[in-house]
Each structure stands twice: as structure tokens, then as C-alpha cells.
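First chain written, first letter: the chains are A, B, C and D, and each begins at residue 1.
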Amino acid sequence: MCRWAAWSGAPKYIEELIRDPQHSLIHQSRNAFSCKTPVNADGFGLAWYDSREEPCVYKDVRPAWADANLQQLAHHVRSPLFLAHIRASTGTATNQDNCHPFTFGRWCFMHNGQVGGYSAIRKQLDGMIPDRLYGHRTGGTDSEALFLIAVGHGLEHDPVGAMARAVQEVEEVSLANGKGPHMRFAASWSDGCHLFAGRYASDDRAPSLYYRSFSDGTSVVSEPLDDALDSWVEVRASSVIQITDGSVEECPFLPKLSSAA
Amino acid sequence: MCRWAAWSGAPKYIEELIRDPQHSLIHQSRNAFSCKTPVNADGFGLAWYDSREEPCVYKDVRPAWADANLQQLAHHVRSPLFLAHIRASTGTATNQDNCHPFTFGRWCFMHNGQVGGYSAIRKQLDGMIPDRLYGHRTGGTDSEALFLIAVGHGLEHDPVGAMARAVQEVEEVSLANGKGPHMRFAASWSDGCHLFAGRYASDDRAPSLYYRSFSDGTSVVSEPLDDALDSWVEVRASSVIQITDGSVEECPFLPKLSSAA
Amino acid sequence: MCRWAAWSGAPKYIEELIRDPQHSLIHQSRNAFSCKTPVNADGFGLAWYDSREEPCVYKDVRPAWADANLQQLAHHVRSPLFLAHIRASTGTATNQDNCHPFTFGRWCFMHNGQVGGYSAIRKQLDGMIPDRLYGHRTGGTDSEALFLIAVGHGLEHDPVGAMARAVQEVEEVSLANGKGPHMRFAASWSDGCHLFAGRYASDDRAPSLYYRSFSDGTSVVSEPLDDALDSWVEVRASSVIQITDGSVEECPFLPKLSSAA
Amino acid sequence: MCRWAAWSGAPKYIEELIRDPQHSLIHQSRNAFSCKTPVNADGFGLAWYDSREEPCVYKDVRPAWADANLQQLAHHVRSPLFLAHIRASTGTATNQDNCHPFTFGRWCFMHNGQVGGYSAIRKQLDGMIPDRLYGHRTGGTDSEALFLIAVGHGLEHDPVGAMARAVQEVEEVSLANGKGPHMRFAASWSDGCHLFAGRYASDDRAPSLYYRSFSDGTSVVSEPLDDALDSWVEVRASSVIQITDGSVEECPFLPKLSSAA
């Protein structure tokens, strides 16, 4: 499982989220709490929005705590919307192309979770990526396949619905030919204006997902960045939040498939 | 285009092929002659056979001339059969998983050339990899797809025929949906006992392929390693050589498809 | 020898200097003209100034043309003053800590050239770095030693004089215990406000140094970025230029030591 | 603090020490017990002896568990004497040149521990490296300085005495100008015939050091590789062991300086 954090609001230095907090993302790369894998050191990725339309992406396979470039960028880059991800591989190789966030045009996506029996159904999932998008498949992870399938379902025009259909379809493939747990999903995606984050699982163990509202913006995270636990709102399973201009809206996400909460 | 060299014979230090010769593989990584791309610095790979059944593989994306590990290994490892490859990417990413040689069980494979219009037909080629082999697809290159398709055609039992069928099928996909030049192929593959090398192209510009016999073995290369050009035998287009116990046997390889020489 | 380029003026995307020009720095990494070493692929470095006082630094040992992070950053980062450097090692190892630019507080420094007989005098040069600065010695290059010696001579208060004294002292050590050519120096350094570039050699072969004035700023380079050769002004040997608010001022730099031009 | 393991005896696959045991070195890279730093992922190094006189060295900065090359080499390389080290940086940079083991000719050296106040006394330690050896200083660690100082004291002819003098001298510099704990030392060194391992500290907290005798050789480790704790012999503080042809001899090591055990 992986750890991630995102920000939407006033421009913020990236290090304010990933390095400075008591329980920052870089700290979590060695000592994650709400996570089966305490060490998350199989790659790091950062996507931030600036004056260009598409996000700027930085990825590397060094552990986050030892990456001088990452520390420089986190100290210098200030952005109103950014996503950061540390990876703990669930099987696929440790290389840059397997690091999150993945991007397509203005959109980026990062994920914590897994698709059950992925190695057995990977070819089937690859086949579900539309031809025109296949060239964007740079690595071999389940997360990237999920993202490109969602793009194929019209993520750009229906960010929540397309993602829900992708998660559902992939879950069905896992139910048919993979193995349990079939779908574990806590992910965030954005086009630079809106920030989305969804939580879902086939069983009753959806990966954790929290957000916290500040006067100048909102953090969305896979686990709280500090001990002020009252300040962090847990997103319920089978829910998705959308953050736009400082307001957080929560909606159902695949509620029928999931009877768990 | 890439550069490569292989050895079959008495145990030889790898550096005797890739570093010591006047025009060694490491030298070629900066200054290749018979090649459109003089700089081949998008990754290096080495596969050698030893007391284990499967080959030992070392890959890295640093330029060959700057890789201290490669220099150490080439100085210390002595093997009766090894393959070495320097990559010049034709489009896919520079990462370890895209470096040759690729392996499957006892078999390894390295390639110089390209599949025309690969980005447009990559999904189709991926679909031609049998399900049971799909998990061995670690990177995103045309070369690796070609190899796994050949494995699917029974490379282990019919090393030349299966490779020929794979090359032919992939060429047909390029003819149908890709673009020219449809197939350029100079490749070497081995199971640790026999060393194969084939040369083929859809047009009359098959990538160069040479071998040279020494008292203690045979070198097979994408271009001669020294200026003793008379000593290097050019393999004809639409031919394949098989080297076993010091004898070199040349046979036709896809002769009907190719009218060129 | 290395290749480098710097910009001072209106905010510019870094790619406008290092990727877009006909003969950009990334192009030079494979095909440098005015240079003994056509391939410069032993590491890349970037330092740019933004809202922080100190520059942001990005370094990597991958060849510049294959570094996805570099391409992302160059496309997204816009800065009024930045330095970019591609390295061709003259002996020391290819690692991130040996990549230019080197930094100290607000200051950064990059260099093309060499100190003659460096391996024999490296310990002596290390001894010339003041104690308080020794912790900033991160790698093992002659260039970094030169920079820290200049910092020790008061670079922050006398940017040209301190650099001249450092170059002179190091040259004297090479004259005494090293070997010729004793000093080859084409370097650029900056505090984020002023951009300096100096050219000097013990012999008559000072490394090339050019600048070009545009309506919105000035480029300083180790070789012209395009074929409009008339537009590029060659800095004379034993000269230093200072660029401040768009004006370029040229002064002598170690003129007595050098009788060559 | 770092973790390490060494083998002297019949030829053994490296993975039998670093991957297969219940509490192997690769396992320790995520979960070390007898160690302040549970994650040791700031680089890996391997040195083994074969038919060449000097050891073959492989180093990389990827975490050990994610390094495909390391897994290949550990599976294929069989050697009668090898050293393996995983690094947890105590301050200096994560790069290949800072990874252990360090080598000089036939000799190699790896270390767990630290020199107190190293950043303040690094220049002084560098000055203690003889001129003729200074070119072998490739990185910036205290461990490498210690090793080269020991080489300067005649390690090749007096492996225990020279190391003791180096440790003592460096400790004295730390006592004078560094800070406590002044010296923590659990190290192993070898010329390919004899394997040495010493344990020492200025205070009573010498880093742990164990060995275990098997029918075909001896393992020396920074912490036991399995739960058969009775089988592992703890080397006492202020002691050094020498392993030659299967016999382990223990001697005092700096006994006067240390009153602790």
C-alpha cells in the first residue's frame, strides 16, 4: 500500500505538506501508521499545477528521505493544487514509470490500494484501455491501467462517473478471473481546478482517506498529517469528495456494489 | 538503433569483448560507426551463463562508460556464453525494464532494429503475447513483445522457427496498421548452450550482423570490434546462424518474405 | 570538457534555453561543436532563482536527453536567472554530487575547464578550503574545490576579485605540483541578482565563452545556441563579464598572469 | 547505523547470506532489530573475491529489496569470501561513492558506527590520509577516511595493528575537536584470504558484532541472521577476530583505551 497527500487552496510550498508536518509524507515513507506496510520507499512522485495547463511531474525511485532533488523542489515550488505520492510496491517493479501520479493532458491520478489477482488479469485490463490511449501506458501497474480505463470512460467530462465505471469494471474482472480482495481503492485525481478523492473497497476494508479544511485550503490524505485527529474528517467508504474553490462536497461512489461502510 | 555483442566458446572475461577491443561495445556507446545513432547511451544490459541454469542479468540506465558496476562485473565475470547490449531508444522510455537482454527461463534475447509504427500497434502486439507469458512483460518495448511472442510460438523447442514466425507475424501487423520500415531485425538469442543470431528486414536495409571465429570461440556482433575487417564474416540478410560447440551453421531466415539481400 | 548556458533577464522558461534552440544544451549533450568531447552525458544540473533567496537546484546523472524529470522542469519552470550545465567528466566519478552548479547560500557556480594534474594536487586544494566551508564539499571535483576556495576568499562581497584569487592560487598549485595545461576556466556564477562569467587559461587555449543580448535579457554560453554567429559576442580570454539589469560590463580577469588572448 | 554480513569458507552463493536467512541482510534493510535505525535503505554494497586478485564490487543506492541487479548477482555469484553492507546514512549523502565496502588493491572494508562530530573534523581526517592515497578518496564518509588512514598505517602488512592505530587516531581527533560518542566501530576487512572483524567504542555502547561457525565456514555479522541465538557468538567490545582457513582467533583490540566491555 502507498501513502499520499494532496492540496487545493492558496498557493503553498510543497514541503508544507510533505516535509514539515509532524507526520509528513516523507516521515510516513519510513513510519506509516494506518498502513500495513510501514516502509514506503519504492518511489516517489509529485504533480503540481502552475501557469502551464498540464501539471508538472517529478518522479524518482530513490526513497523520499534521501532524494536531494525532491527536497529542493518541495522547498521551492509553491502551487495552489498539487498531489504527492510515496509508493510501496504490491508486486510490480520499482521504476520511474510505475510511480504515481499518472497524467493524461490536464489530468493526474494517484492511488493507494490494489486490484486482486492483478498479475492474472493484467492482460485483460490492458485490453480495456482504448487504442488511442494505449501509448500513454508507460509502466505496468494496476493503478495506471485503472486511470487510463477511466480516461477511456470520459474522465475529462465526467470525473466521478468515469472513475466509478472504471473501478466497477476492473472489480468485475477481478471477481471473474482474479482473487480477493478484489478492489481496494483510495485515490485522488484532478484537472488543476477541481480535486477529487474517492474511497471504495469490495470488502469492508476500504483504505483510509481523510481531509482537513484550513482557512486557506484543504488537505486530502491517506492518513492524518498530525495528531490533531479531531480536525481530520474521515471520508466514508463508497464516497467521493470534490473540492472546488475551498468547498468540499461529498457524494456516493459506487454505493450499490458496496454494502460495507 | 542499438549495438550488441555476444560470445560463445571458452570462458572469457566479459571485458574482453565489451571494453578491451579497439572498437569495443563501450567504445561504440559513444562512437558507433555502422549505425544511424552514434551515441548509444540509453541503457546497458548483460546476460551471462554460469553454474545456474538461467542466465544472470545486469541492467542499468547509466551510460556504459560511466557505470562503475558494469566495469567491475566485466572485469571479474568470466563466462562461456554471454550477451551484451547498449541501447539507443527509438521512442520508449529509458528505464531498466526496457534494457535488453530480455529473459524467460533459460532463454535470453537482445535486438537491434525496430517495428515500424510501433506506438500505433503496441496494443495489438501486447494482445499477441499469450496470457501465461503476459506477466513476463516488464517493460514497453517492441523488442520485448517480439521475444515473448516468439516464446509463445515455442522458442524453447524450435528456436529458429518460433522466432521466424514471431518476426513474420509482427511484420504483418506493422504492414496492416503500422508504417514503414516495417521490420528491421538483427538479434541474438540463446539458452546457454546454443547461440543464435538472425538478420532480416522488410526492405533491403537489414541491420548489420557479423561474426568472427577465434581458436577458442566465436563473437557475434552488430558491428566489427576491430579493424581486421577481413576476419569478420557478414551474415547475409534473411539468414540466421547457430553456434554450437564452436561450429557456425548458417540457414535461411524468412527467405520468402524478403527478396532483398 | 562540459557545456553550459545561463540566462539573466525577463522570466523565461528554462526549455527556451536548454531545449528549443537549434543548438540547445540538450542537443549539445550529444553533439557539441566547440568542444573536444562531443558527448557530454556524465550528468546534468540546473539552478534557478525564484521567490526563495537561495537557488533551487536539480541534478541527475542520466543523460540530459533521457531525463523525463528534466524535461518536465524545463517546460514548467520560468525564472529570471538560471544556470544549466551538462558534464563531461575529466576523471572524477559520475555522481550527483559532482554535477554542477555548486551552491553556497545565495551563490551558485558552474565551470567548464580543468585544473592540470588535479589528482596529484587534490589534497592540497582540499586543504585550501576554509574549515568552516569544508562541510559544503559534497563531491570530489576540481570545480567544486575552486568554488569553495573562492567563497573562502570572500566571493559574497567581492565576486570577481575572490574568484580571480581562487583561480590564481589553484593555478599556482598546479604549476608547482600538477601538470599542464595548468588552468582552463570558463565559468559562470551568480547570487540571483548579478550574473558573472569569466574566461581564462594558463596557456592560449581558454575555453570558449559567448554571450548574446536579446530585448528581454542576456544568454551566456559555452558555445552559441544557434547559427546566428554574428549575434553572439565572444568574451576575450582574461576577461570577465557582469550582467546586471540587462547591461553587460566586461572587465579584465587575471590579465597579468595571462599573456595570451 | 548500518547492517552488514560477511562470509569466509567454502564457496557460497551470496543470497544464502543476504536473502535466504530468516533475518537476512535484505530483511534487515526494512526491519533491523539490534539497531537504532530500523530502516537501512541508503545504499547497498557487495564485495566478493574470485579468480582475480582484487575483489569485485557492486554498489547501488536503491533500497536492497528493490534492486533487481542485486538479486540477480546474489543468486548467481558464489564466492569463498564476501562482504555485504546496507547503509543507513548518519549524515553524508546517499550516493554510490559513499556505499561500503571501500577497496584498496586486494583490501576491502565495511563499517557500522560513527565518528563523533564528523562534520567538524572531516577536513582534519582528510588531512590524515597520506598524499599517495588521497586519490582513492571517492566519497565523503567518515568510514572511508578511517579505512584510508588505516591503509596509510600499513594495513596491508599489519591488518590489525594498522586498523587499531587508525581508530585510535581518529578517536583522538574527535575527542579534541568533535563530540561524543567519539568512536563507535564494528567493522570487517579482508584481503581475500583472511577476514577480520573488530568491535570498539569510546563509551560502553560498542555496536553489536557476532559470528557463527558452520561446518563449511564462518559468518560474521552486525546482528544474528536467525533466531538460533545460542549459535551466534558475540564478539566482546575491544576485541578483534581473525578468520583464516576456518579457524576463528580472537585478540584484544585497543583494550587500554576502552575500559568498557
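Going forward, a residue touches a chain if its C-beta (ideal position, glycine included) is under 8 Å from a C-beta of that chain, and two chains touch if they have at least 3 such contacts.
Heads up on the chains, UniProt names are A, B, C, D = Class II glutamine amidotransferase.
Every value quoted in this text rests on a predicted model; they were computed, and no experiment measured them.
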Interface sides of chain A and chain D: same vs different residues, half threshold: same
Contact-richer chain pair (by C-beta pairs counted) among B-C and A-C: A-C
Whole-Å separation of chain centres (CA-atom averages), chain A against chain C: 40
Set of chain A residues in contact with two or more other chains: 68, 93, 96
Chain contact topology (line, ring, star, complete or other): complete
For the chain C and chain B complex, residues of the former touching the latter: 30, 39, 41-42, 61-63, 66, 68, 89, 93-94
In the complex, chain C residues that touch chain A: 50-52, 56-60, 68-69, 72-73, 75-78, 96
Touching residues on chain C, where the partner in the complex is chain D: 93, 95-97, 119-120, 122-123, 126-127, 129, 131, 134-135, 137-140
